Each structure stands twice: as C-alpha cells, then as structure tokens.
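Chain lettering (A, B and C) follows the sequence in which the chains are written, and residue indices restart at 1 in each chain.
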Amino acid sequence: MNRKVIACLLALFLTLSVLPVLAEDANIVRIGMGYDPNTLDYAEVNLDSANFVIEATAETLIRDIGNDEYVPGLAESWEKSEDAKTWTFHLREGLTYQDGETPITAEDFRYNLMRTIDPEAAHGNASFFIAGALAYYEGEGTAEDVGVKVIDDYTIEYTFENPAYESTFTSVSLFGALEQAYVEQYPETWGASAEAYLANGPYMVKEWVSDASVSLVKNPAYYNPSLATLDEIRVIVGATGDTGVDMMLAGELDIADFTKPQQIQTLTDAGFEVKFDYIESYQGLNVNHAGKTEETGKFLGNANFLTALNLALNREAMVLSVRQGEIPANRLTAPSEAAYAANPDYEAWPTAGDPALAKEYLDKALEELGVTLDEVPTFGLMCFEAQGSIDTLAVVQDMWLQTLGIKTEIEAVTIQVMIGNAMSGQYDFWLGGNSPSVPDACESYLTGFTTANYTPLRGYSDPTFDALYNKTVAATSLEERYANYAELEKYFCENVLGIITTWTVNYEIAPANYGNFYVTSGGNLNVSSLTK
Amino acid sequence: MAKYLLQKVLIALATVFVLATATFFMMKLIPGDPFASLTTKIEVQERQREYYGLDKPVVEQYLTYMNNLLHGNLGYSLKKTGRTVVDIIREAFPVSAKLGLFSFIIAELIGYLFGILCAQFRGKWPDYLLMIFAVLGIAMPSMVIGPLLRWLFGVVLRWLPVTGWGSFQQMLMPAFVLGLGTIAGNTRAMRASMLGTMTQDYIMTAQAKGLPKAKVVMRHEFKNSLVPLVANLGPGIAGVMMGSFVVESMFLIPGLGRYFVDSITNLDYPLIMGLTIFYGTFLVTLNLLVDVLYGFLDPRIREAVKGAA
Amino acid sequence: MSQLPKGTFTDADFTKTGAEIGLDPASSRKKTTYWRDVWRNFKKNKAAYVSLYVILLLILLVIFGPMMNPFDYRTNDYTAINNAPNTVHWFGTDTMGRDIWTRVWEGGRVSLLIALLGTLIPEAIGMAIGGISGYFGGKVDTVIMRLIDILMGIPSLIYMILLMLIFGSGNIMTLVIAISITGWMGSARATRGLILQLKGRDFVTASRTLGGSPSWIILRRLIPNTLGIRVVGITMSIPSVIFYEAFLSYIGLGVTPPMPSWGQLIKSAGENFRYYPYQFIIPCAMVGITMLCFNLIGDGLRDALDPRLRT
C-alpha cells in the first residue's frame, strides 16, 4: 500500500511539473536584482529594485536622463523664482494613467505630496523640503500652509524652505502623481501588488510574484511610446553575485550588476560586456564624536586623534585585499557626484596612508589629552554581520594596531540592532555606506552633523560647520553652491568628521549587442530605451 | 481512542498558546527597533512606532496581539508594507512544502535503502562506499555543494536550469541539495538501528522458519528498525517543509525559508510571530500524527498508550 | 560396556587448560569489567582504533600547530595576499594575507570546543530526561513529553537566533548555552523511544523482579543499551554542531573576528572558493576528517558497547 501512495505522489509531482516552455522572444530583457521591491507605494519605497520598477513605471514632473541632464516629464515646462524657492509647473494636457481613462491633473500631485507627509499615516519617505511641511507633520502648522498650490488643473506651484534644483523634482514620493480615488480603494495594501498600483510611466507592472519576479510591459496609454523599446522587462529577484554569474552563463539572465573583479572577469571572458560603471556608495567608518562611553568620547572628540586614525589607514591595501573592485577614497565627494566635477583636484589624504605622520598626530593628540598610549581605551568597531564588512573591520583593526598600537574590538550585529545602536549613539566606530546624493552630500549625509539636526548618531555639534553648511544650502545657483560646498568638504576632511575609506563601484554587465541604457543622476538604473 | 485524541488536541492548543507567549516576550527582549532607519527622519520613526502601537507597554501589546490572534488576524508585515502575514505565508509555504516534501520522500527512501544495504553488507565494500557518501553528505555544507552542482549541471552540462521555480527540472537540484543531509542521516541511523534489530530472537526465528531472505529483511528487520527512526519524522518533515534559507536563496525559490531569518534580523514583529505560530502549529500536528503512527508500528507501545489513556 | 580402542581420541580432541600450555591460571580467570570489555572490543575495530589516533593527532595540532611557524592568526600581510600553499605558508594565505595554517588550528580550538560542549551537554540533559520519561511512563512521561512537544514546537533555529540576540553574540559560552537549550529535546525524545522499546524486554523485567531500583535500571540496564544507537546520534551531532556554528557565523552570530573557527573559515572562503579553492578545501577537509573519525569511533563504540554484538 505504501508503494502505491508513493507512486501516486510521484505521478502527481510529474503531472504538476509540466515544463513551461519559454517563448524565445527577442524583446524580453531579464534583469537581476538583489531584493524584492517589497512595496511600490511612493511614500514607502526604499530599495534599489523598487526604485528600478518605479523609474520604469512612474514618471515625475521632470525626467532625469543621466549625466545631470533633465528634460520635461509630466510637466511640459516650468519656471522658478529668482531665489529658486518657488517653482511653477505646467503639466502636459490630456495625460492619463496606465488604465487609459483616469486623467492626470495638478490635484494628483498635491494629493501625493500631502499623502507622503501625512502625519497620521507615518510614511517612511516623509521628508520636509517643502515650506511648512515639517510644521504640518509635527502638528504645529496646517495643511493649508504647506507650500504646494494647485493653480488650475494643469498648473501646480511648490514653495521650498531652501533653494531647489531640477534634480529635486525627480523624487516620486514628493513629486509623483497619484489618483486619490484609486488609492483609497486599497486603504492598507496600496502598492503591495500589481493590482493595487496605478502609475503613468513608459511601462506598467503586469505581474508581480513576491520574492521571485516583477514583469513590466509597455504602457499603451503613455504619451511618448517611443520611450518604451522593449516588449517586456522582467526583474528577477536574488539574481546577483555568483548566482547571477551562473544564470548569465546559462542564458537565464541578461543584465545584472556585479562588484567582484573575478565575477566580471568570468563574464567578460564569456563574451559579455561591461556597459558602464557607477559609484554606488561611499563606504567608511562613521564616528560617534561623543563616544559610546565618556572615556572613548574624550578621544573621539579630538580632531588630532581622529586624523591619526585616518592617516593610519592604507586604503590601497584595503582595495587590494578585502574591498576588491572598489576605489580608494581620497576625499568625501565621490567622482560621480556633480560637486566633484566642480573641484576635481582636491586630495584630502594620501590613499596609501602616512604612518609616520599618523604617529605624529597621535603623539600630539595624547599630549593634548594628557595621557599615555597605555591609557587609551579599547574602541568598538561595529558593523553589519556580512562577511565583507567583518573582513573590512579586521583590516582596520590590524592597521590601527600595527601602526599606532590602538586596540579595537569588532562587534558584528544584525541590521536592526546595528541601526538601533547607531541611532542611539551606542558605538564608537561603525562601518557603513552612504549613497551619493544630488547635487551633493548636503542633502543627506551631512545634514546629521548640523546642530539643528543633532542626534546621538553623530554626537557632533560645531558652529563653524553649521555656518559652512547653511551657507552651502542657501546658495541660489549651483555654481555658488559648489564653491561653498568645497569649503565645507575641506572642513569635513580636515577635522575627520567621518572616515571615508572607499567608493564602491557597480559594473553593469550585459550581452555585447545591448546598448542605450543608463543610470540616472539619482542612482537608478533605467533600461526603458534599451536597444539590442 | 476518541478521548485520547481529544486530550492530545487540547495539549496541542496549549502548546501553541505557550509558544506564542514565549516567542512574543523573547522577541521583545531583542535589542533594536524595527523602525530604526538611517534614511527616515526621526520624527517619522516616532510616528511609525506610534502607528503600529509599539510605544505602548509590552503587556498591552501582548494582549492586543493575542486578541487579534483569536480572531485569526496575524496583522501586517512591518517591512513588506501593505502585505499581511497570512498573505506572505499563503504564497510562500506551498512552494517550500512542495519542494520539501518531494525532497523528503526521495531522501527518506534513498536513506533507508542505503541503510539496509550497509547493514546487510556490514564490513564489506558497499558498506564503506555508502558510509563515505553519508559522511560527505553531512560534511559538505549546502552552501558549497549547491553552487558546485548549479555550475556543473546548469552551466557546463546545461542539463538543468540554474535557478527558478515552476518546472520539475527546476526542482531536482534544490531537492537533492536539501535532501542530502536527510539521506546521509537516515543511512547512518537506519544502519545502526538495523544492526541492532538483526540480532533479535524473532529475526532468528524467522530465518529458522526458512522465510526467504528478502521477506525477512523487509517484513521483519526493516519494519522493526523503523520504530526508533519514526520518532524524529515529525520535526524532520516540518523542518524540511518550512524551507531552507540557503537553498532557497541559491536557487531563487520563492519559499518560506528566508523569512525565518530575515524577519528576525529585520525585527518584523508580526511576521516573526506569524511564522513561529504557523511552524509550531504545523509541527504539533505532525507530532500528533507521528505519535499515532508510532503506536501503530510497535504493538508494545500501542498497549502502553492504551494503558496510559 | 566395551572399552574404546586405544587411539580413538588424540590430543587434538581435547582443549588444553591454561596451565598445560604454560599460562598463568590467574589470567584466564581475571574478571573483566564492563568498560575494559568495551575497550577490548573497540580495539578489534581497526578503523575505529586508527580514527581515535587521528583525533588525538588533530587535538595535538590544534594545541601546538599555531606555535609551529612564526605567524599569528590576526596579523595581515598585504604583500602576501591569497598565496597558494608554499614552503613559507604551508596552507597558503587568505584575502588579508593571514597564514591559513595558523588560522586553521586556532579555529580548530574554537570549533572542537564548541562541538564537544555543544554535543555532550545537550545529550546528557536529553538522556537523563528521556530516560526518566520513558521508564516511568504515565503522568511523568505525559508531562515531560508535552514539555518537549512545546519546546520542539518552537523552531530551534528561530529560538536559537532569538537566544543569541538576547544574550549577545560573539562568545563561545553563549553559543554553547544556546545550542544546549535548543538541542536536548531530540536526544530526550530518541532516548525515550528506545527505552520504551527496551522496557518490555526480558532483561529489564528480570532486573525489576530481582528488585533493581529505577535509577539502577535506568543507568545500568537501559541507558547502556540505548548508548549503541545514541552514540551514532552523538557522533553525528558533533559535525552538525560544527555547522550550527557555521550557520550562526553565516548570519553574523558566530565568534568575534578576527578569532577564527572552522565554520567561519569555510564560510568566508566559500564566497571565493571558485577562485581560491585551497582556502576553502583545507578547513572543509579538517571538518570532514574530524567527522569521519568521530563517525568511525562511534561505530566502533557502538559495536563494542552493544551487549548483543559482544564476542
């Protein structure tokens, strides 16, 4: 009897598993991503894969076509005030969402913005560039005071706290369009499935199998069909690293990005090409200037001590060993950021380090603090549990010990614990990365060092820095901003507010005959106009 | 018998209750905060905690949770915004279960077969050969054997798809990698158990009666050797059906395995609770079935159970 | 009654006594204890006997190996990154130029310690509890088995990760405690199953009839008889504990780096094993050898311990 049951089960499996024969369609592109998008709710998206899908399916007022170029998107034209704080957009008329019926009007932009910063909903992407937004969020102002105004069906006006730039308007969570009536049909589940999502880009989501794949097809209602060159884009979740290499070699994947030189070598040997590379993040040690304890804080608040540690790092050796394929950093601003081009020659420290100078700075610091080397406490080096991070810290630990005799202890923890510890200042040094931002780091990374935004995360407060920062963000033109930013960057590097070690590079790899895809200034891959 | 079963079911329910309670409080003891984020504004994080009720006292949160649980509401995932815990399990479990069951059945059968062969050829070359295989099966971690197989059969030979889910071919490699440990474990356990059984009086009696060798082996030795192995069947099946973190991420299978690790490291509280309760309930049910099967296989235990109940 | 003809029996038809062939009569009558008996039987199994010496050799290397060359386990050397095994670095170097010979033996200390403690502690707990549960049956059994049901209902992986996160990771003792708390139930259940099987056997009934106390029967009659099968379980859990450690390293809850363990060495080399296979094969081989030897020793012990197979 047992045998029969087993035979039946086997037969069942065999019948259930009829091979789905893939139609060899030349116009499908399969692209590998690390994670499931999780959500496509504009107010919540935060993963690369989600940004990729959004990039292809949802358009904002201005289109970012890479290389810091911006062209009209849903807005046909716009004008800005003298101080660049008030922007007025004129929408294209007669646009609809992907259903081909629902019209896109100025009200949809206002609704999307107000929804993202709705204090009741507590959305993850709430941010407060717009005038009056923070006050509204904290219950001190009203919705009417938020700087967004619908002039008529096709005109909308935004007012900002600080001057804005074209790049500001590529954020879909603040400047995308959402149809209120449609969103409200899915009170809790908006953006969590292909059905509960209605957008307006060149492509639309056809199917989304959670944690497996997302299929995008042409949006027939899009105003410029020539921007969608592919019949289908299929995002395959988890197809990265060695898995991605094997899939590409076996013909199961077309495009993916890689970081390891050996993987890239294997693929280029097999006839694939590196289409472009882009700097994905700057890696380094965040410093808690107040210290995890009072004792370590005494040292971490000393600029000479930090300079010694910074100079003791041989970044070239790091790239040779544990950070293969990355670029050793010699300053804060990454070569891919717009602010770099404005000031390309700055070099804040030698990439190979300077052990002799490091020791001089250490002696100076110890003298200032009135202690001997034996009295220097053991510092904590915190990181995420990934092997690459642990190895990196092992290298840092060894360099500081060998060059300066400074002792450290590595703490590898899970992601939420790490972030929790970081936010509450429960660390001395913490290995982490930051994405390059547009137009420069003032929009993200550097905000945390200002006294106005003081948190235990940085434990840093310095009027000189505040003045330089405020001067930078108040600039009314990009030229002025970059000039001010150069001063700010110099101050950051000379006082070692953070120890930047490397810039990580992603290499986008595809078959040789593929072309015409790019990374936006915001760091999202765009394949909508891909040709092959 | 009905009374005995009812008692077992009540105990099973109690188990799930204790499990849910223990997990809830242990989970809250983990340092960290699910909404701690470096990109989200501090004000927003506070608001999120409030929205999900995480600012309330733990006991109050617990009572709310248990109340929702009684109404069959496992809540929404904190990380997969807009998706309910039930949805996530409903989508991912059938995948893991299908792969796991397929792998388990094959692995059990092969393991028993190898074990029987080892015992019958004790000390001869088939025994050594299969034991070396069994040792390798345990020594080679799936994170190593998986990529090797994938590269060999998928890239070099192109016999099987490298990754994915849906076809029978796509199931073969992950099922093998998943079942390798079970095969190895069962080979060893069956060999040991069978060697013990082979010297029993009733086997000698059976042999003396002149029963054919195959009949003695299958009818008497095999059935009796199974008894100690059945004890671990429940957790074995449950474990393998819940998916594997390593195998699923290696072959891109949209199963449940990854959530067990991810939900905890992400502190996705509702998902941790949902998965633990689901796993626990499943396991308790299986153990119940195994208990019944256990009694069925060994008459002496059947009597003891009857006596106890 | 007729006389047998002379020569019907020769000397060969008789077994000579010890004294006749020149043996000391005392030796043939020497009483062998249970464990001496086991050892005598164990030695007959050549594979097991050799394995025991291999394990001893491994233990010696784990203790003295790191002292055999000038390198230490944590100092990086960027001029010698990813060197294949050579005369200076006998096992080669890793991505940071650290000597793998030294790291393998340093890691062995950690792994073997965790493996031994993480196997024996839960096994002992499980045997005691399973023995009591199986022998007494009834209410005691019900309570214990329900407790085990409850604890086994908590998926051990989740449970272990939770415990590690609560206790704080990075420490050998935390690992052993977490493994012990989550690992004893399987052994208890299996021991109980075996004891239920044995309980009905004649020799137990006989002991009970002869007035043996429960603890005596459990310890001297039942446990030794379950050891045979449990030894297989024990030898099999040593490698699985090593890999538990590896898995916990995999998700960042292993021992604190730069301190290595075999699991961690395999894990970190596994990411590059296509490019630097030696970094991966060496620790894997160590684990494989350790496991094979424990298995063979286990088999030998099983045969030696099993009263039914005793010669």
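Structural remarks
Basically, a contact is a pair of C-beta atoms (placed from the backbone, for glycine too) under 8 Å apart; a residue touches a chain by one contact, two chains touch by 3 or more.
This is a predicted model, so every value here is computed, not measured.
Of the two chain pairs examined here, B-C and A-C, the one linked by more C-beta pairs in contact is B-C. Distances from each chain's CA mean to the overall CA mean are smallest for chain B.
Separating the CA-averaged centres of subunit A and subunit B is a span of 37 Å. Inter-chain spacing, taken between the CA centroids of subunit B and subunit C, is 24 Å.
Mean C-alpha position of subunit A lies 49 Å from that of subunit C.
Residue positions 30-31, 147, 151, 264-265 of subunit B are each in touch with at least two other chains.
With touch defined as above, residues shared between interfaces to two or more other chains in subunit C number as follows: 165, 251, 267, 274.
The residues of subunit A that reach two or more other chains are 242, 385, 414, 417, listed in rising order.
Residues of subunit C touching subunit B in their complex: 137-138, 141-142, 146, 149-150, 152-155, 157-158, 161-163, 165-166, 186, 189-190, 192-194, 196-197, 200, 228-229, 232-233, 236, 239-240, 243, 246, 250-251, 266-267, 270, 273-274, 280, 284, 287-288, 291-292, 295, 302, 306, 308-309. Taken together, the subunit C residues at the contact with subunit A in this complex read 74-76, 78, 81, 95-97, 165, 169-170, 251-253, 256-258, 267-268, 271-272, 274-275.
Within the complex formed with subunit C, the residues of subunit B that make contact are 11-12, 14-16, 18-19, 22-23, 26-27, 29-31, 131-132, 135-136, 138-141, 143-144, 147, 151, 185, 188-189, 192-193, 195-196, 199, 227-228, 231-232, 235, 239, 242, 246, 260-261, 264-265, 272, 275-276, 279-281, 283-284, 287, 294, 298, 300-301, 304, 308.
Across the interface of their complex, subunit A is touched by residues 30-34, 36-44, 47-48, 50-51, 76, 79-83, 88, 91-92, 98, 101-102, 105, 109, 147, 150-151, 154-155, 158, 161-169, 171, 249-250, 252, 254, 258, 264-267 of subunit B. Taken together, the subunit A residues at the contact with subunit B in this complex read 6, 9, 13-14, 16-20, 36, 38-39, 41, 44, 46, 119-128, 134, 137-138, 186, 188-193, 196, 209-212, 236-239, 242-243, 246-247, 249-250, 252, 385, 414-417, 419-423, 432, 444, 455, 457.
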